Amino acid sequence: MTKKVLIAGFTGAMGQKVIKLVNSLDDFEIVGGLSPEIKYEPKEYGLSNEVKLFNQRDAIPDQFADIWIDFTTPSAVYENVKYALTHHIAPIVGTTGLTDRQEDELSLISKKEKIGGLIAPNFGMSAVLLMKFAKEAAKYFPDVEIIEMHHADKKDAPSGTALATAKMIAQNRPPHQSAPDEVETLSNVRGGDYQGIKIHSIRLPGYVAHEQVMFGGTGEALTLRQDSFDRQSFMNGVKVALEKIDTLHELVIGLENIL
Amino acid sequence: MTKKVLIAGFTGAMGQKVIKLVNSLDDFEIVGGLSPEIKYEPKEYGLSNEVKLFNQRDAIPDQFADIWIDFTTPSAVYENVKYALTHHIAPIVGTTGLTDRQEDELSLISKKEKIGGLIAPNFGMSAVLLMKFAKEAAKYFPDVEIIEMHHADKKDAPSGTALATAKMIAQNRPPHQSAPDEVETLSNVRGGDYQGIKIHSIRLPGYVAHEQVMFGGTGEALTLRQDSFDRQSFMNGVKVALEKIDTLHELVIGLENIL
Amino acid sequence: MTKKVLIAGFTGAMGQKVIKLVNSLDDFEIVGGLSPEIKYEPKEYGLSNEVKLFNQRDAIPDQFADIWIDFTTPSAVYENVKYALTHHIAPIVGTTGLTDRQEDELSLISKKEKIGGLIAPNFGMSAVLLMKFAKEAAKYFPDVEIIEMHHADKKDAPSGTALATAKMIAQNRPPHQSAPDEVETLSNVRGGDYQGIKIHSIRLPGYVAHEQVMFGGTGEALTLRQDSFDRQSFMNGVKVALEKIDTLHELVIGLENIL
Amino acid sequence: MTKKVLIAGFTGAMGQKVIKLVNSLDDFEIVGGLSPEIKYEPKEYGLSNEVKLFNQRDAIPDQFADIWIDFTTPSAVYENVKYALTHHIAPIVGTTGLTDRQEDELSLISKKEKIGGLIAPNFGMSAVLLMKFAKEAAKYFPDVEIIEMHHADKKDAPSGTALATAKMIAQNRPPHQSAPDEVETLSNVRGGDYQGIKIHSIRLPGYVAHEQVMFGGTGEALTLRQDSFDRQSFMNGVKVALEKIDTLHELVIGLENIL
């Protein structure tokens, strides 16, 4: 049975990629689009003319679609997801900006309304698998360091993915103290420290977004690396979410938790 | 409660490493050693003088130890494991050379005797985790190639680990056909082919034993790599096996299956 | 003193990048553009209104510019470069398709007209330096293998850069025979063979264009790698050519020969 | 004509490796060994019985050998090299510990005595080539960062090779300022800073000694990496030094300066 999909933020760069993705899938059909900035006919956005376009959320009827894909803005996402849940449309959310408290509230609504969904700050499958594997490997290799590489225009360091990876590793590795007596003859060469896990950030032109987790043990090493060349890669994760959304009976945070 | 350990092949290079490992662990105690070539007192082998040395298997009493660690020879291993199981000592086996049929027979004995055990051709944790992760990633990234690198003295190619990895990936990836229309202008540059998975073997002096699994998807890549610098690394896996052996109620083949 | 530049093929993708590059440099000024397909005013192409546009070669006067940058087509390049040389404009040529014989003829013309120039099939600085360094390292490390990685849409293998690298290495390494007695248990895993240098081609979605040269020696390894993410990278090499063109007194083939 | 070689420090680990190397070469012959700790006959040290062993330097006659290879101790090296030069034996020195002032003095002696020689703190060819190539690439890629990886027992950071590489790059790159406005949300993740070149030190069990130099430019990247698995690798560099020592007419510091 074909699932009906509504795309919130369909006019944006990510929304446009989602349209192409869903159009390429057999078991899903776009039935609606939501955006405050609709200027053209559906076909100008890559949509068939039967697709209904909404410029405000409240016009969308209850159970209008099975799935609500959200790539909108930090200011809109909370109300959007709440609306989807209370109107019995399962949300798949790639928009960032939800606070911990908002996530908790949405989880409660999800339980009350008996509808599942997924909130994923990162839909890149390679990054999500890297984090999952790193967490698992840390059980056996407590000695670990992280290197992340980004283009020179990224002014903040470390990357969110690197820090999230360190957090997942820290949860899972046995108590561990590495080399307390080390000496830096050039300050800071040993990098940043998150609960004993060293993080190193590289910023160079040419690079895009890359993360490497290095584990060392007696006589051996294990290295996990992911490269994101293009945000198009997020569609790999959205596809996985679409295939699994049916099996979710609550609001899940993080794509890695449905793999 | 301290577990009692017997080491079969304790005079060999791996056996000697196992002695050091077990001596360093709090919850395990070496109580016996088996080898046809005993020449010296226990302390010459790094053992305390209370440890009993056996130069033939049949002299070992029933339930003499809790765990039988076996790093012996292809010709001895089958009888050793059979003896361990029927005498209610749980085997942890790093010796290679068991046939599929022998493994099946030992499994049956294990069930009958109601005692678990582990047979692991590869105790390198980095290699075992690499294979496990590669299998899992293949679900989401059907496009994959394998590179393995070994010292120039390794005359056969590909390595057993590379081929084993390809087999595990093949079990788990969706039906997949990559580039049927490709053209080699220099023969064989596209490497070996195992069910559509390309394998490339590098042989160079300086290298030891390394494997890299490369996954590619739209706009992203995931790479898993392991380096074995020294067989000392096998002790990481033996340690994991010692910690888990208690929880096994049958004969398990492959360290990855107890992680 | 500011050098005057004419851009042949200024309406194409590479030509447009060249316009941006030259506009950003202090010591160079665009004075003309050549293209058979001129439709708009100069400013539509990112050029100032003083720039003269030509839709045929013969309209360009003798010594009209100091430098002729050529990113045109295989069918036009030979006549273009000949025209430039005989009209005393030093050519910098990124267009591919010249035969060995045509290159020889252009070299003769260059000598007769006493004007230098550069023909470079690859203006990517990272690829050019990789080849140069690989050639040099081969003197000390005769054991070497090459891996090249490209997107899955590249149907031919190996890449031109990988083969060119192997040729340069073959010229420079001492007579060498590696492992004549090796055995493939899976056909072709040892890759392609160019004069004893093994070449391995990887084709995966997500990847762009990458080359890795691996040298091994007793107890050590040296690895050179280049990644091309975008043809924008060619502008790095064009910039180097512009800075050096003045010092060339003959027609040089290959950017590596002016570094 | 066969060259005569004296090995100072022939009883040490490196000296023993030098004996094996020279014995394997056609054009060189060991004629003497110097060590304060001689206990056995020459053949116990892998030497033929004609080789003369000295336990003090002053017993070695003028022009006793053509070449003096020195792997001794920081306290002996200065007097050894001085002795070699004044007795007309060309020194190849792998011993560390000479001060800048001592090197200057030895250079003067070398000129006065009209005999060349080589002092090389690092005889690893992969490290030496890496530094040479990094210096050259910096001319074209001013954006560069360095990662060095060592075993967890190395308590100081960064490694000497990484710092030496940064110094060579700094000499050769154009004036350069990278990202002055970057922000660390976790302190020190951007690593150490040597004249604008970021250095990152990794310390993990399993690793031996590895260095990676990463260059980035618009749309491309160039990476140089060397791995030292074993000090045996130093013999590659000693061999190169033996082949070139004849051509040196002064005291050269650094193997890279004779390549």
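We call the chains A, B, C and D, going by the order they appear; numbering starts again at 1 in every chain.
In this text, contacts are C-beta pairs under 8 Å (C-beta built on N, C-alpha and C of every residue); 3 or more make two chains touch, one makes a residue touch a chain.
What you are looking at is a predicted structure, and each value in this text was computed from that prediction instead of being measured.
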item: Pair joined by more contacting C-beta pairs (A-C or A-D); value: A-D
item: For chain C placed onto chain D, the superposition rotation in degrees, Cα atoms, nearest 5; value: 180
item: Relative to chain B, chain with the most remote C-alpha centre; value: C
item: Distance from chain B to chain A - Cα centre to Cα centre, in angstrom; value: 36
item: Chain centre separation (chain A, chain C; CA means) in Å; value: 40
item: Centroid spacing, where centroids are CA-atom means, of chain A and chain D in whole angstrom; value: 49
item: Interface hub residues of chain B, defined as touching at least two other chains; value: 206, 215, 217-221, 227, 229, 233
item: Contact set on chain D toward chain A in their complex; value: 143-145, 147, 149, 152, 155-158, 163, 178-179, 181-194, 198-207, 214-221
item: Residues of chain B defined as touching chain D within the complex; value: 206, 208, 227, 229, 233
item: Complex contact set, residues of chain A against chain B; value: 124-127, 129-130, 133, 136-137, 140-141, 215, 217-233, 235-236, 240, 259
